[in-house]
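By letter and in written order, the chains are A, B, C and D; residue numbering begins at 1 in each of them.
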Amino acid sequence: MSRMPKMTISVPHEAAAGLTGTWRTFRPVVDRETCNHCGICAMFCPDAVIDPDTLEIDLVYCKGCGICSNECPKKCIKMVREEH
Amino acid sequence: MTEIPKEEMLLKCPSTCAGCGSLLALRYILKAAGKDTILVIPACCNSVIQGVYPYMLHTVPVYNIAFAAAAACASGMSEALRAKGEKTNVIVYAGDGGTADIGIQALSGALERGEDFLYICYDNEAYGNTGMQRSGATPLGAITTTTPNGKTVNKKDLDRIVEAHNLPYQATACSSYPADIYNKVKKALSIPGPKFIHILAPCPPGWRIPSEKTVEIGKMAVKSGIWVLWEKEYDKFTVSAPSRAAMKRPAPVGDYLKAQGRFRKVDEKTAAVIQANVDKNLKRIALEAAQSEETE
Amino acid sequence: MYEIRIHSRGGQGGVTAARMMASAAVKDGKFATACPFYGAERRGAPIVSFVRIDDAPVRIYSQINKPDMIVILDPTVMDTVNVLDGLKEGGSIFINTHEEVSFPKEFNVYKADLTGIALRENLVVAGSPILNTPVIGALAKLGLFSRESGVKAITETFADPRNTSAARAAYEEVIV
Amino acid sequence: MNELVMSTGNKAVAAAVKMAKPLVVPAYPITPQTEIIESIADYVEAGELKARYIPVESEHSAMTAAIGASITGVRVFTATSSHGLLYMHEMLHWAAGARLPIVMGQVNRTLAPGWNIWAEHSDALSQRDTGWLQVYVSTVQEAYDATLMAFRIAEDNRVLLPVMINMDGFLLSHIMQPFEMTEPGDFIPPLDLPHKIDVNDPKGYGAMSPANVHYQFRFDMEKCMRESRTVIKETEAEFAKRFGRSYAPVEEYFCDDADVIIIAMGTLGKEAEVAADLLRKEGIKAGVMRIRWFRPFPLDMNIKGKDLVVIDRDYSFGFGGVIAGEIQARYPDAKIASVIAGLGGQEVTYEDMAEFVRSRKMETEFWFGIPQEEQ
């Protein structure tokens, strides 16, 4: 007879820590004209919210840290204050 | 250049602070390790950012364990898996407090016994999880909540302590150099026995830096030589590319200090001591690299 | 129940002697326990061990305060320890000695020169004559257990045949 | 019956461990337990036990490595004593909370200062709230049998809690008694840990556990602790059926018609039987209850209307003897004369115990060896 003990066992599930996009004060806005798709923004995003192919930023989860903006060699990502 | 897999092993999104260096490092550690991996995590920032029961964000098993206990837990796990004939990677991901302070006894024991696992210390130079109290890894001059006027003694040289165990593989890394992390983890996991990687992971709230500066500050650490990237495979000691470049003409460490709020109480005298420490360390590392090359 | 207290010095094998005594009694179909009293003493300090032999399982763990027999492996312990303490009236004493000894008349005294036997049999380890196997021969003679069981207890513990021949020599030497 | 072999309590535990075939044994030496792990290290070196012996650098790491190994679904054993057990304390809670069926040999020894290596139950009793099952044994045979049963009980899916086998330091760990080294056969079924770690079905263990559920996990431990009473009785019955030696959670000796019952654990509880024999010869109707399973605590002790002389080889400072206190709490009508005896190896004979009974003063506490005027 197999009985699973009740304890803190967790399974993988997106959003397990909530929708971290709500933490944001500043939102990254990409100037797609200037962007040369180097991918450095995606590489350095701690949260991996930038799609490595399309370089679309997932604003549901982006915490707005601004590393992408700071590291962009083209300086084509601006951090814009969120309006609520 | 190594092709780093696009697949992310962490689901969106761990509840680390915005701009977390340790999370950036973990992304690349898990990419290198792949699915056949178990993470062992002692009390640290990474023990609380995994999501809330009954869910988590990691797509590999995670075993959370007590603060002092990571290396011992990984020892038991690795021995059991190997006894069963399983090759699964066992990777400890621990902070500097859990490594250099409370966990050092278990770490030393595991390294001495030659246990087959990879221990990674992400070093944010204080007890970040509990709000930045000083640790043995906090550098000279840094303000923490328990060193309100700046730490008056040096950072513990964890790497030389670990080195004294004569591991098959040991390296340093920094979250600002993800490809370097990826390669070092790959290399480490290809070698049986105990492996150790020490990753400098800037912490925006703890270091009093804006969240967008995490990568930049890490690079400044390497460029000033206060943090040197190297690896040691058996007896072969190599300075990694970013530090090789930096060591030719290190940036003044003062710029690194000035960029962080935690060093705001460092006076000129202390700054000079820090610079002297850096110079001395760089000399030692250059010498070790040269000696290692000679014996090649 | 028959209770035996063994006096020896650390390193002389008193503990192993106690175990072999109990083991021999068990081979005879009895119940027995052997219980060393451990202290922080090191090699050379006087130590005591206890053996209890009974027809029923032994349920007593405390020390033996009123022994039926005392075994003195090293007579020099008598300088510092009152070995006769609590010995029952009519109780027995076995002592390893080559000299004349005198004990109060109410006790039955037996002796053999175990040290001499060990030296003759070349039963010496690290410079010390081994006493714990010859004493098994002596005690078999006193009827604590059968001669066969004593030999078995020795051979299970020590492979070297010098041990059993020393025990046989002691068996012969004791006068009952 | 197999041939009887002479063995110390320590070696009997090691022999039972060899029969149970754990795959991992992390261990650290401490007097008077060391002989257990030395024997196991010998078995492993000789290839008689196919296990990984991990010579850890501390007891904290011994229990932690046991946890790390156990969660992979393998059978794990370790052993300790006294300060070693206390050094494990944090991880004892962890092992139980992580629901890992680790089995541990525990040799009861007192605590410093000053240095003292002799028997006392304070080490294990101060771990009573960790969620470990605790059994106290009184003979070499029982040490062997209880160790075999411990694996089966711990690993039963209705329990999944660790088990500690307690034996008195030196008095039992180092005594030599004849015992039967029974081959357990299939008495211990293969371990099937329902929550074992699996890279093909990744799960997180022990992350943030919110306040609105955490208590449920603790209740599940208690539920299984309660259920373990049934599992223990079933296991002991099955053991008796297969091997002919029967045990109960509380061993009774002439209790039915007794006016006064000595209650104790470990070797004191066994030697108390000799005290009862002595008292009965004097016309005092005495009996003995030897508590074997202290956790889960026995709830069906037949003590109504009898004088109880409870001997505690332990003490809870500012409260009283631990066993006396627990009996009083669970049986509010119990009439107890509490005796504190045997601390730090203090010599207590069956004659002393008989005297505790003769001179008992109900509802008082008596420290053996302390002059009456100081008590």
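In the analysis below, contacts are C-beta pairs under 8 Å (C-beta built on N, C-alpha and C of every residue); 3 or more make two chains touch, one makes a residue touch a chain.
The UniProt protein names, listed by chain, are A = Ferredoxin; B = 2-ketoisovalerate ferredoxin oxidoreductase; C = pyruvate synthase; D = Pyruvate ferredoxin oxidoreductase.
Given the structure is predicted, the values throughout are model-derived calculations rather than measurements.
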Q.
Please tell me whether C-D or A-B has the greater number of C-beta pairs in contact.
A. A-B
Q) Whole-Å distance, chain C (pyruvate synthase) centre to chain D centre, using C-alpha means? A) 34
Q. If you average the Cα atoms of chain A (Ferredoxin) and of chain C (pyruvate synthase) to get two centres, how far apart are those centres in Å?
A. 81
Q.
Averaging over Cα atoms per chain, report the distance between chain B and chain C (pyruvate synthase) in Å.
A. 63
Q. What whole-number Å value describes the gap between the mean CA coordinates of chain A (Ferredoxin) and chain B?
A. 23
Q: For chain B, jot down the residues that touch at least 2 other chains.
A: 50-53, 56, 58-59
Q) Which residues belonging to chain A (Ferredoxin) are in contact with no fewer than two other chains? A) 8-12
Q. Multi-chain contacts in chain C (pyruvate synthase): which residues touch at least two other chains?
A. none
Q: Identify every two-chain combination in which the chains touch.
A: A-B, A-D, B-D, C-D
Q | Of all residues in chain D, those that touch chain C (pyruvate synthase) in their complex | A | 4, 6, 32, 115, 117, 139, 168, 170-172, 174-178, 267-268, 270-271, 273-274, 347-350
**Q.** chain D residues within the chain B interface of the complex
**A.** 23-24, 26, 51-52, 54-58, 60-62, 64-72, 74, 76, 90-91, 94, 197-199, 202-210, 213
Q: Within their complex, state which residues of chain A (Ferredoxin) touch chain D.
A: 1-12
Q.
Residue numbers of chain D touching chain A (Ferredoxin) in their complex, please.
A. 97-99, 157-158, 160, 192, 194-195, 202-209, 214, 216-217, 219-220, 224
Q | Contact footprint of chain D on chain C (pyruvate synthase) as seen in their complex | A | 18-19, 22-23, 26, 31-38, 40, 57-63, 65
